[in-house]
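After this come two complexes, each holding chain A, first together with chain B and then together with chain C.
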Partner chain A sequence: MQAVGTRNSRVWAGRILFLLPVSLFFIFFFIYPFLFTLATSFTNWRGIGSMKFNGLANYKKLLLDPTFRKALINNIIWALSQGFIQVPLACLIAMILVRKPKGWRFLRTAYYLPNVISTVALAMVWVAIYNVNGPLNAILGVFGMEPKNWLGNPDTALFSVIFQTVIYIGYFMIILLASAMNISRSLYEAAEIDGASTIQQEIHITLPMLRGPLVTTMTLAMAYGMRHFESTFLMTGGGPAYATTTMGIDLYLKMDALRYSEASTAGVFLILMGTVVITVLRKLLGKSDPMSEMAQ
Partner chain B sequence: MLRNLKLVVVLMVFSLTFPLFAQGQSDTAPQKEIELRWASIWVGNDSKAPAVEALVADYNAKNAGKIKVVVEPQPDYNAYEQKVRTSLAAGQAPADIFTIKFNPTTATFYGSKLLMDFSTTMDSDWKATFDAGSLQQSTVDGMLKSLPMETAILPLWYNMDAFNKAGVTTLPKTLDEMFADFDKVKAIGMAPTSQMTGDTNAWTSMIWFSHFAVAFGGTDVWSKPFTDPAFVQAATLIKKMITEYSTADAVGLGAGGSGGHFLAGRTAVFSNGPWYAGRADLAATPFFSSIKIAGLPAAGPTTDFMISRLQANICAASSKDKAKEAAILDFMKYLTSPASITKIAETSGAMFAIKTDYVPKQELQKQFYTAANSAKTTAFDLEAAMGSEVTLEFAQQLGALALGKITPEEFCSLVDRKIER
Partner chain C sequence: MKSKQTPTWIILNILKWVLLITLLAVAVLPVVWLLISSLRTNLELQVSPFGWPEKFQWKNYLTALSMASLPRLLLNSVVVAASAVIVNTIVTAMGSFILSREQFKGRDVIYTILTAGVLVPVISFMVPYFSLITKTGLYNHLSALVLVYTAVNIPVSIFLVTAFMKSIPKELEEASIIDGCGFFRRFSQIILPLSRSGLVTAATFCFIYSWNEFVMAMLLTSSIESRTIQLGIKFFTSQFITDYSSMYAAVIITIIPSVGGYIFLHDKIIGGLTAGGVKG
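Then we have the complex of A and B:
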C-alpha cells in the first residue's frame, strides 16, 4: 500500500516538474501582465507617476472614440477575411496537393515560403508593388486602367492590405495537407468503385474528414485577424484617415502618446473581443469537431 | 530516482535564482571605476557619430580608472523612443545618460523621479553656456530634467539646378511668386515639392504646414484653437501643395519616400532639418552644390521667421550614489562644453543649444547658420509645439484632406479635438 503511495507521489512530482517551467512562464508572461493591464485600465496612469482609480472612464471614452470603433470594425473584417477567405483557399490548395500532382513538393514549399520570410521585408515589397508608379499599376495600365494610389486612398487601402495576406495561406495549407494525407486511401478507392467523381470525393470524403483541422485553422486565422498589427502598421501606419487602423495599432499609438491606461483598456477589449469571436466560432462550427467530441 | 528528481529540482531553482543574487553582488562590490551607460542615438550612420565616439574615447582616456562611459548604440530612433517610454513606465531609467525629443508628450517624463533635475545641480557658469531660450523651453514647473542639446531649424530646400532648368533663377519672395515658379517646374515634367501624409507625423508636409500656420497666425499660433482661421488657411494651402504641386504618391508616403524623391531629383523643393545636410547620399547628388536654404516666402502677416525645434535633449538618471551623480554631471559638463560641441558641429553640420564660436565651412551648413541667424524670430513646428498625439491626428487626417474627403474646416476640427486643454 505504501509502495503504491510512493509511486503515486513520484508520478505527481514528475507531472509537477514537467508542468512547472511552462506554468511559470504562463504566469509571468500572460497572467501577471493581463491582471496588470486589467488593473491599469481602471486608472488614469500615463506610464510615469502615480495611478489614480477612475472607474470606467477609460472604457466610456474608448467606446465613444470613433477611431477605436473604426479599429474594432476593421479587426472584425480582418478576422472574417482570414477565417473565411484564407482558410478556404488554403483548403482548396491542400486538396489539390494531396492528390500529388506533378511538382507538388515544389508547390508545397513555394506556398509555405512566405511564412519564413520577414514580415518587414514582405511589407516593403508590397508597398513598392502598390505604389502609384509600381508594377501593379503598370500591369493594370496594359488593360487601360488608370493608376491608383492603392495604399493612399481610404477606399482601397484596407482591401489592399488584407489582399497581401493571401501569400501566407501556406501556413494553414500545411496543417490541412498533413491532415488530408492521413485520410485512408481505401475511402477514395471505395468511392471510385461506386462511381463518385473527383469533386464528389472531395465534397463527401475530404471535407468531412477535415472538419476538425478546418475548425482549428479557422480559429487560428480569426485569432490572428483579431490581433493583427504588423503588416498594416508597416504598410500604412493605420492610415489614411484611420482607414486601415486596427485595435493593435490603436493600442500602440496610445502608448506612443503616453496614454498607458487607455492603451490597457484597448488591450482588455482586444482580449475580450478575441475570446468572443473564438467562442462564437467554435460554438457554430465545433459541433462536429472531433477535438470537441474527444473533450466531452 | 526520487533523489535524482530532488537534485534536478534544486538545480533548476538554483539556476533560476542565481542571476538575481549575481546581479545584487555588483552593487555591494567595491567600485574602483564608475561606469556610466549612455544609450546614444548618435551612432552608426548618424552624422554626429564619429565626433561623439572620439569625444567619449578622449573622456575615458582622461578619466581612466575613475570614470568610464560605455556607449550603448541605439541606431533605430523609433525603437529607442519606445525603449525610453517603456523603461520609465517600468520604473527603470533606460540608461545613466539618454536623449529625448522634447515636446509636450515627452515633457510628461518630468513627472518621473528617475530623472536627474539639473535645476538644482547646475552652476551659473555651466548654465551660461546654454542658449537661454532653449533652457527656458526645456524647463517644466521649475524642473530642468533634460538639457537642450541639439536644436534645428526646419527651412525649405531648393534644388536650384531644377529651378534653373525651369527658367527660374531666384528664390520666390511671395506666395504668388512661389506658385508661379512651381508651375514652371511642373512644365518641365518635374514635381515641385516633396510632400507626404504617411508615418506618425507626415514629416515634410508637417514642416510646410507649420510654416503656413505661423505665417498666418503669428509665432504664438500654437496657443490658439486649431479651428482658428490661420490653421484653416494653412490647411487649404497644404492641400493645394499635395494635390497640385507634389508627386502622385504623396498621400500615404513616408519620410523615406519623400526624401527619396528629392535625392533622386524627382522633386525640386524639400523640407527638413540640418542633419540631412550631412548625408552622404545627398552629397553624392549632382545638384548638391546648387541647393539653397530659405524660409517660406511672404505669405501672411508674419514674415522673416524660421520654424525651429529642440531636436534632442539629453537626460540623466537620478542616483542616490553621490559619486555616480558627480560622475554623470562631470561627463555632461564635458559633453555640453563649447569645445566638445564645436567638434561635433564641425563634422556633422548639426546645430546646438550651446553657444560656441563655431562658424561652418561647408556651404550648405553655412546656409543653415545664416538662415537661423537672419530670421527675426523663430516658432516651433506642430510636433514640437503640440506633441505626438495631435501630430498623429494631423498626419491621419491630412490624407483625407488631400483626397477631398474632408474640408479644411473639418480637418482643423478633427485635429482640434485631440488637443488636451
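Then we have the complex of A and C:
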C-alpha cells in the first residue's frame, strides 16, 4: 500500500513537472494578457499614473470613433475577400493539382513559398511592384492603361493590399489538396463509367466531399481577415487617409499614442470579432473542426 | 483520354495552365526579381526595373554586409530564432509527452485549452506583452523576444507534437515499463527519440515564425543591440536610400535562412500543415 502510494505520487510529481513549463508560458502569454486586456478595457489607464474604472466609456468612444469604424469595415472586407476569393481560388487549384498534372509537386511547393518569406521582405517587393514607375504599371501600360499610384490612391490602396494577400493561396490550397487526395478514386471511376465529364465529377463528387475542409479553411481565412495587420502596416501604415486601416493598426496607433486602455478595448473587439466569425460560420455552415487544422 | 480532346477540353486545359502559371509567377517572380535586382547596378535599376545584369555585381552583397549594422542584426536574429526553437522544442516535448502518453482526468481539457491558443489573435496582446516585458525589466533584451516567440508557437507545436506522439504504438512503451523503465527514462529513451520527426516539423515552423516576426520585435526592442534583421531591413535601410541594389542584396540575405530551410524541409512543412487536414 505504502509502495503504491509513493509510486503514484512520484508519477504525479513527474506529470506536473513536465506540464509546468508549457503551462507557465501559456499563463503568462495567453491567459494573463487576455484578462489584462479585458480588465484594462474598462479603465482610463494610460500606462502611467492611476487606473480608474470607467465602465463602458471606452467601448462607447470606440464605437463612435470614425477611424475605428473604418477599420472594422476594412476588416470585414478583408474577411470576405479571404473567405470568398482566396479560399475558392485555393480550392480550384487544389482540384486541379489533385489530378496530378505535370509538375504538381513542384507547383505545390512553389505556391507555399511566399508563406516562408518574411512579410517585411514581401512588403518591400510589393511596394516596388505597385510603384508609379514600377513593373505593374509597366505591364499594364502595354495594354494602354494609365499608370496608377496603387498604394497612394485611397481608391485603389485597399484593393491593392488585399490582392497581395489573396493571390497567395498556398496555405489553404495545401490543406484542401490533402483532403482532396483522401477522396476514394473509386467514386471517380464509377462516375467515369456513368459518362460524367471531369467538370461534372468535380461539382458532384469533389466539392461535396470537401465540404468539411472548405468550411474549416473559410472559417480560418475569415478569422485571419478579422485580425489582419502586418502586410498593410508595412505597405501603407493604414493610409492614405485611413483607407487601408484595420482594427490591429488602430490598436497599434492608440497604443503608440499612450492611449493604453482604448487600445485594450480595440483588442477586446479584435478577439470578439474573431470569435464571432468562428462561431457564426460553424453554426451557418455546419460542423467542422477548426481546432484540428489550426496548425499553420 | 483521347476521346476527351474536344474543343471545350482544349480551351479548359489552356485556361488551367494559364491559371497555374500565373499563380506560380506571382509566388516566385518577386523573389527572382529581388535576386536579379540585387546583382545589378543602381544605374541599371534606374534605367529599367527589369533586365539582366550586364555583369553580376556580387559586391552589392559586400556593401550590404559592411553597412547598416547588418551582421549584428543577423546575429541577433540567429540567437533569437535558435533560442526560441530550442526552448519551444524542450517545453513542447515535455508537455506533449504527458498529453499523449499519460492517462488522467483533465488531460483533454488541458490539451484543448493549450491548442485553442491558435484562435487568439496575438496582435490584440500588444499592450499586455509590452507591459509584461517592461515590468519584468526585459524590454530591449533579446530574451524578451525568445520568450514571446516560444510562447506564441506553443499552441501549434503542442498540436503537432502531441498528434505525433499519440501515433507511437503503445507496445513499445509497455515493453519498457515491464523492463522497469521509470517515467523519465520512458520519456528520454523511448518517446523522445521516436518523435524526432514530429519535433523537427514543429521546430521548423517555430524557426520560420521567429526568423520572420516583425511586430513584436518592433514593440519590445529599441536599439541595434537587441533588434532583429526584419527591423533592420525595415528601418535601418535608410542608409541605402540611394543604393537600392545593396538594399535588395540585404533582403536576399535575410530570406536565405527561411527559404533555404523550406527548400530542404518542404516535405516536413507540407506534412505538418496537413497533419490536421487529413482528418477533416
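Here are a few things to note about the model shown:
In this section, the second predicted complex is superposed on the first by the 258 of 296 C-alpha atoms of A that agree within 3 Å, B and C clash if a C-alpha of one lies under 4 Å from a C-alpha of the other, contacts with A are read in each partner's own complex, and residues count from 1 in each chain.
Keep in mind that, in the parts below, a residue touches a chain if its C-beta (ideal position, glycine included) is under 8 Å from a C-beta of that chain, and two chains touch if they have at least 3 such contacts.
Computed from a predicted model, the values in this text were never measured in an experiment.
When the two complexes are overlaid on their common chain A, residue A:Asn133 makes contact with chain B and with chain C alike. Judged by the touch definition given at the top, the superposed model places A:Glu230 against chain C, while chain B stays out of reach. Applying the stated contact rule after C-alpha superposition, one finds that A:Ile193 touches neither chain B nor chain C. Contacts of A:Leu64 after superposition on the shared chain: neither chain B nor chain C is touched. Shared-chain residue A:Val142: touches no atom of chain B or chain C. Of the two partner chains, chain C is the only one touched by A:Ile175; chain B is not.
Taking chain B and chain C in turn and counting the residues of chain A each one touches, the greater count comes from C. Legend: residue contacts after superposition of the two complexes on their common chain; A:Val22 is shown touching chain C, with no touch to chain B.
Once the two complexes are laid over each other on the shared chain, residue contacts for A:Tyr32 go to chain C alone; chain B is not touched.
In the superposition on chain A, contact of A:Met255 is made with both chain B and chain C.
On chain A, the surface touched by chain B in one complex and the surface touched by chain C in the other have residues 10, 14, 21, 47, 133, 255, 260 in common. Residues of chain A touching chain C in their complex: 10-11, 14-15, 18-19, 21-23, 25-26, 28-30, 32-34, 36-37, 40, 47, 92-93, 96, 101, 107-114, 116-122, 124-126, 128-129, 133-135, 138, 167-171, 174-179, 182, 198-199, 212-213, 216, 223, 226-227, 229-230, 233-234, 248, 251-252, 255, 260, 263-264, 266-268, 270-271, 274-275, 278, 288-296.
Only residues 1-2, 5, 8-9, 12, 82, 85, 88-89, 105, 108-109, 111-112, 197-200, 247-254, 387-389, 392, 395-400, 403, 405-406 of chain B touch chain A when the two sit together in their complex.
Every residue of chain C that touches chain A in the complex is listed here, in rising order: 4, 12, 16, 19-20, 23-24, 26-28, 30-31, 33-34, 49-50, 90-92, 94-95, 97-99, 102, 104, 110, 112-121, 123-132, 147-148, 150-152, 154-156, 158-160, 183-184, 187, 205, 208, 211-212, 214-215, 230, 233-234, 251, 254-255, 258-259, 261-262, 266, 269-270, 272-280. If you check the complex, the residues on chain A that touch chain B are 10, 13-14, 17, 20-21, 46-49, 131-133, 147, 149, 151-154, 157, 236-242, 253, 255-260.
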